[in-house]
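Comments concern the structure below.
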């Protein structure tokens, strides 16, 4: 998909050129001794299969059920998140922002694609695309409408533009009717989009 | 720089359209671009601000017409050529035709886990105290450097309020030019939507950005 | 709109490179795009501000990747479809498949000379007197309409001085939306380069822009 | 040439697509009775062979030699220029700006391609391109350097962004050593670029 469009189709001839270029480049860099091909496989596997938004969902579910953890998360997200084992690249400096009855938070990186990898994995295509990056700061309610989200009248929006190495995690509101649910069940309600702020946590029973 | 990557507030790109399925990578070439970029970053031949600048300084038509990992690939090729790690002829035919350059480190398979877990913290010590405190009114400076900056165009000239101090962090405007990390105090600054975009926004809507001290002056 | 056409102050496009020979048109297709656009403009199916908006609202990647007359052609096709003068199927196969729409005028060969000589003056009467006089200090409003405007982004929020009154002119922000000509006083406003871009410019360098009264407020 | 680049080469396959589209469109619009093909030929001929910067050069040469005309041109350019027979489309509202020992004027249209057709003809490709439109207002001296023009130390620049229907004509400084030359000879020194402000008038003897 072109960065500057909403269309997810790739131009085929450009794609084959790109495929050839990266194959050529990888073998060249390996031949020159700059990279270890085996390391590349581990990098890919890490972010394709091991790190993802289930990490963030655990954090949110814990914050919903453990008031001391919630306070720690809001005071020092980096340490609180590290206590659950999520640390490292693109999550070195974490800040958690909490949705409330009167406040909705949404995260963007207008300048590139900054995103909290250890807790959410790699960002989806739309997060990195021009439609989202351009509109999130000037028309956040319009962006939410693209995601089917309409905020109640009178709710304020806070948009967090990730201009530095601080990475943001939204703590969505805990859905009503979840008083009896435990952390594991609650984590299932926490969608990735709800932790970016382009969605809300699911109502119980609404997920498959 | 005032480049195509500085997208905040631009119009005409259409709706946000999540794709179905949302694969992490779309084809093996994306996997390889991602991993090669990370591995080459680890060699210490450039810093993160230089790699961002390599991407955002691509010609605007190319930037907007490319997919995300095509931009990464183009940025990587540019850095490799600029640093003399490969030659244009080598890029063309994929065979080493000259001696390899010295690199500081090579990322070995056995070290990947530890390296990712360590990450690359940007917080540094700075002896001078922070100039601003939470609640102070500030204005984002109207700067237009040709070089890398993380002060988006849509904030420049606008007034905001210091929300929090984030610590002293590597200053990208200096680091991207190879002029050193020059750590500066970093602030979370709250800008009202009305201040940035005019009337038609709820009074309480805010846009927060992380701004280094040199981006700000007292209002 | 904050579109790709609003280029003032953007970076990354490279040097200005005049081409050798500088033909007026590059191939017959440019001649035809130019002439068809002018002739269709004469039919009165849209006004000049609507044709500008049709071009500037093209997707930014397309706008920057197209040549000038490719942009004209894309803008023309968009207007023809929007106004129902042609259908998508007709555009595709080049054969009329439906009745023609009514147009106000058709430009005949015999009238071209007189039509070009007459032009399309934009000056109009306005009964209210001009609000500003030469020498008044003003600020360009910080507006971000989704619709057509001729107040470039690089001037918004900045202070300048009224240099001259140009008369009352058709207001593009209204005219482009089909809301009528709504004539407004038009001013030549002088902005200092330092005010717009920061330090590093001679104190006396100025950028002048023609700004309609609704773009301005008293400083 | 792509609007967003300095490169004057066209992509060949895109070009054939464009050529086909305009041919198809022209015949369709003629069939539907919206356009008269003979009118198109006259439009093309007018701007390709009849209207061009020699018109502007005559105006400038007259302003250099006729103080009353110069004053009229600076006071009411539309009328003064019309007196020489140059009127009409994209020149309905003219303003002349004069270079002096202390001042250099340069004209741009950052938003599209506004240009004084009756006196300069259609604009060159670079005038309509992103490199010129983006840089003329933020880096006019850099743009002048691209044209090989270096202004004397201390000279101020005035850039005129053609945001409305006012069209600007720069009156370049009359070169030294031209005191004996008549209007016709002087007009030969007036280049198109000198009337946009990206060039200076030629020194006598320097043109062919």
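Chains: A, B, C and D, in written order; residue numbering restarts at 1 for each.
Simple rule for what comes next: a contact is a pair of C-beta atoms (placed from the backbone, for glycine too) under 8 Å apart; a residue touches a chain by one contact, two chains touch by 3 or more.
These numbers were taken from a predicted model, which means no experiment stands behind them.
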Shared interface partners, meaning chains that touch chain B and chain D: C
Distance between the centres, which are taken as Cα means, of chain D and chain C, whole angstrom: 17
For chain A paired with chain D, centre-to-centre distance based on mean C-alpha positions, whole Å: 51
Mean-CA-position distance for chain C and chain B (Å): 34
Shared interface positions of chain D, touching two or more other chains: 2-5, 130, 138
Per-residue multi-chain contacts in chain C, two or more chains: 2, 9-11, 13-14, 59-61, 64-65, 144, 196-197
Topology of the chain contact graph, where touching chains are joined (line, ring, star, complete, other): other
Partner chain A, residues of chain C touching it in the complex: 2, 59-61, 144
Contact set on chain D toward chain C in their complex: 1-8, 10, 14-15, 18-19, 21-29, 31-36, 38-44, 46-48, 87-93, 95, 108, 110-113, 121-122, 124-126, 128-138, 140, 143, 146-147, 156-166, 198
Chain D residues within the chain B interface of the complex: 2-5, 130, 138
Chain D-touching residues of chain C, taken from the complex the two chains share: 5-11, 13-19, 22, 24-29, 31-36, 38-40, 43, 52, 55-56, 63-71, 73, 76-77, 80, 85-86, 90-91, 93-96, 100-101, 103, 106-109, 111-113, 115-123, 150-152, 154, 166-167, 169-170, 172, 186, 188, 193, 196-197, 202, 204-212
Complex contacts: residues of chain C adjacent to chain B: 1-4, 9-14, 57-61, 64-65, 141-144, 146, 157-158, 196-198
